[in-house]
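There are two complexes below, and they share chain A, which is joined by chain B in the first and by chain C in the second.
== the complex of A and B ==
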């Protein structure tokens, strides 16, 4: 895992360095003197080869100094990232939980009632959710609920000036801002959870051991909930572990549509302006979460499936 | 063996599968009886409806399959008239079933102890501890070494033969009156197969349960069964005791099956092994008249037009044929 992390860091840094240095843009500004640009480049280490710069950056990073943003008024990276994560987490966790808690039971129910109206309806619903482009669907929702009906705010994360209001009013206000983005985000993943759960359950209820369970004279609910469900959840739990990095990395498009200052936007903005201290931390956080998510998926797998237990 | 009272009487059972391509009459008017403590061998090729018949008795036929007609009289009561809840109480306690694939018939995520105990707890009024004791007893009964340790093992830690023993232990857990064995030894090595057969015979003698022994292997039937029913395209074509079927097969199909079993003699004479001509008919397009007529060397015009009835040709020996074979067959096994 650690070599993997090192490799990711090195490659990411190398690729970001290929873009050039962030001060090149300043050269076309006649009010900035070339000497100043040279001083800035020296201060940020851009007069060194990229690999030396990488070691300098990496050393300070592992010693706890995550650096400051080149732009954004030189704010510490930790502060920028922490704020963005706080916003992203709120939306991504809410939509992951909503999508999982609604999608998986519906998928399982669909599998048990295959080819009924219910099944067809939610198959349609799942494909609708998965194929709806988020930017388009987001705008449609904003138009209906924000503009036409005026029930919900158009975007952002809270009403300006609400900071002084009592706690309960603040929570209510921010919850209102969450409704539309969470719907857009969860609709997409809800569809895939439904399909995963449905196909996994369909596969399991055709297994011989389910027939054995019935032949034992177990009540149908024991057959389904004890014998079938646990087996059907094995691949789903793995997917849950793999969807973990998505919680932090944020959804750039949805965040842009709803003007949420989350990780998705922070990452993309930092990369576009070549603000490498910010971009590196964002990308490394996401990739380490991917690695950890994989590890968690493997561990969970061993918990639910005795065949995979490591001895 | 002496005639005892009837345990199971399947009468004119019809189980059809309603598929998009048409109706498959997997079981089409099958009738047979099993007396208490009797082992009935149900033999036939793949697709003759023997497995579907057994699943019909358990009422475990999955859609698009459906029992459309018939009676399944078990201990004097028609199982097809029972409510699902009544039927559930019979499954696993009075009628138990073991399946062909021991590798996939056990749930991979629960210990074998858990899976056997479950069957005991659902049908018997026992505490967890008593059920556990009974489970270990059962594991010992079916010849599993170190039953206390095996109790906590998962199916993947056991070999195929051991798993089939676990399946048998599970089936025996509530002392069933009828055990349905659906090709239970087919997937096992020959030596393991012999052990499992021996175990089943032994348990049958000890408990006096009846067994519906489904197989395509005639040698196993000769070994296990008291009576034999030969199935072809969803119908019984010949029925009799082991001696009658193996010594005096009267239906051309049974005769053909027995002739195609290799023996030491056929090898000596160097004649090619006789085989039944043709193929099992397409389930969507059954031949008219007797379903066996396209493959039958004795078929006449009448066989192509009419389906013969299952008729008693000598006491206890029933044949569905207009022209029963009259030759006596030499013992096969």
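== the complex of A and C ==
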């Protein structure tokens, strides 16, 4: 796991190095003296060879010294990232819960009623969700609910000036801004939860022990809920571990469509404006979450399924 | 019973039922997959033929009276903010989007097959190195790096987008191919080939690879749809195919700002993309069902 982490750090570092020197553009400006540029580059460590720069940066990353943004008024990276994560969490958690709570039961029900109208309808729905380009779906919802009906705001996170309103009004206002992005974010994952739950349940109810449970005269409810469902949920629970990184790293596209200042936007904006300290923290945070998410999925798998043992 | 019936048919017609013949037979029974295939062929034909039939040129600017016109007989899908015919641009955009979708999948497959085949066949140290690298690539957040790479690599060409999407698209294929090779290399025919002195490369490409085509084809079919969306997302953000070359994605780039006055600009490119991706997903699903020997016989 540690070599994996180092490797990821090295690759992200390499790609960011391609973006180039953030002080290079300053050379064009006649009012900035070359000495000053050299001083700045020295202060930020850009005159060091790349491997020294990498280890210097990597060390400060591990020790929690994340530094300040080159641009964005020299704000501490921790502050910028914390604010973006707060926004992203709100949207991603809501959509994960919505997708899971709606998708999994429908998938299970579809499996128990295979080849019925219900099953076909939601199979189509799942494909519909998985084939929909998210940003276009966002446009459509905006056109219908924002422009035509005027029920919901087009984008942003709150009405300007609402900060002084009473708490309840503030919550209600921000909830309104969440509806459309959450629907867009959950559509894709809802489809995949349905498919996973369906195929997992289908596999389980064909097993011998389910037939045995039926044969010994257990009521159908007990067979489904006690015997089949518990085993069908095993692969689904491990998938929850895999969706962990998405909760923090945010969705660049959806955040752009709805102008949400979350992690996805922060990462891309920082990368494009050469804001090294911010971009590197974002990328490394996201990839370490991916690695940890995979680890959690593996561990969960062993916890819920006693047949699996890691030596 | 069923097996006997096909055996009898084989004897009567003198035609041996190969695996791929059976796959085709099963696929033809999958109604949604066949419908998707027909839809895809129609879309591809329209994108090839459409530009020749259309009376407008792809970047032909209309007069000021023709800017942002709603759909009419003259312009079936309306005109955009520069007075260009949307239907004509949709045909050209489809060419680009499909081209990006297909060629990025093919290039990613090439890398994935090579990495997966050598890792799975030789195993050991080579396998460890290649798969660690695959893990690393898998653990990198894709979207930010896609955006940065396409803004850093010079040029505005379509091939740049293909390259960028392929760089982050080969890992799944590599894992699938490796898995197939790990199990197939233990087969007797591989041992037999080795015994008569066939070279490793020949065993990999001529003996094992053709037997692992089924999951590769499924993954490729699903991949085309996914990559069309990737290209569209990149183009929407302004880092994909550069205007004036149209693609379904960059046609939507300006549509967001015009949506209040010109909703037709939003509908047509998105719908074309959605139907295409949906068809690829259904076709891929049908192929998976048709190729999976566990589900039949």
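We take it that the second predicted complex is superposed on the first by the 305 of 311 C-alpha atoms of A that agree within 3 Å, B and C clash if a C-alpha of one lies under 4 Å from a C-alpha of the other, contacts with A are read in each partner's own complex, and residues count from 1 in each chain.
FYI, a contact is a pair of C-beta atoms (placed from the backbone, for glycine too) under 8 Å apart; a residue touches a chain by one contact, two chains touch by 3 or more.
Since the structure is predicted, the reported quantities are computational estimates derived from the model, not experimental observations.
In the superposed model, A:156 makes contact with neither chain B nor chain C.
Within the superposed three-chain model, A:211 lies in touch with chain B and out of touch with chain C [touch as defined at top].
By the touch criterion defined above, A:105 reaches neither chain B nor chain C. When the two structures are aligned on the shared chain, A:249 is found in touch with chain C, with no touch to chain B.
Contacts of A:306 after superposition: chain B is touched, whereas chain C is not reached. Touch counts on chain A: comparing chain C and chain B, the chain ahead is C.
Residues 207-209, 211-219, 222, 226-227, 230-231, 234, 304-307 of chain A are the ones touching chain B in the complex.
Interface residues of chain C, counted against chain A in their complex, comprise 132-133, 135-141, 143-145, 147-149, 151-152, 225, 229, 232-233, 236-237, 252, 255-256, 259-260, 263, 266, 269-270, 273-274, 277-278, 280-282, 285. On chain A, the positions that touch chain C within their shared complex are 3-4, 7-8, 11-12, 15-16, 18-20, 127-128, 130-136, 139-140, 142-143, 147, 245, 249, 251-253, 256-257, 264, 267-268, 271-272, 282-283, 286-287, 290-291, 294. Of all the residues in chain B, the ones that touch chain A in their complex are 58, 60, 88-93, 96-97, 99, 101, 104-110, 118-119, 122-123, 154, 156, 167, 170.
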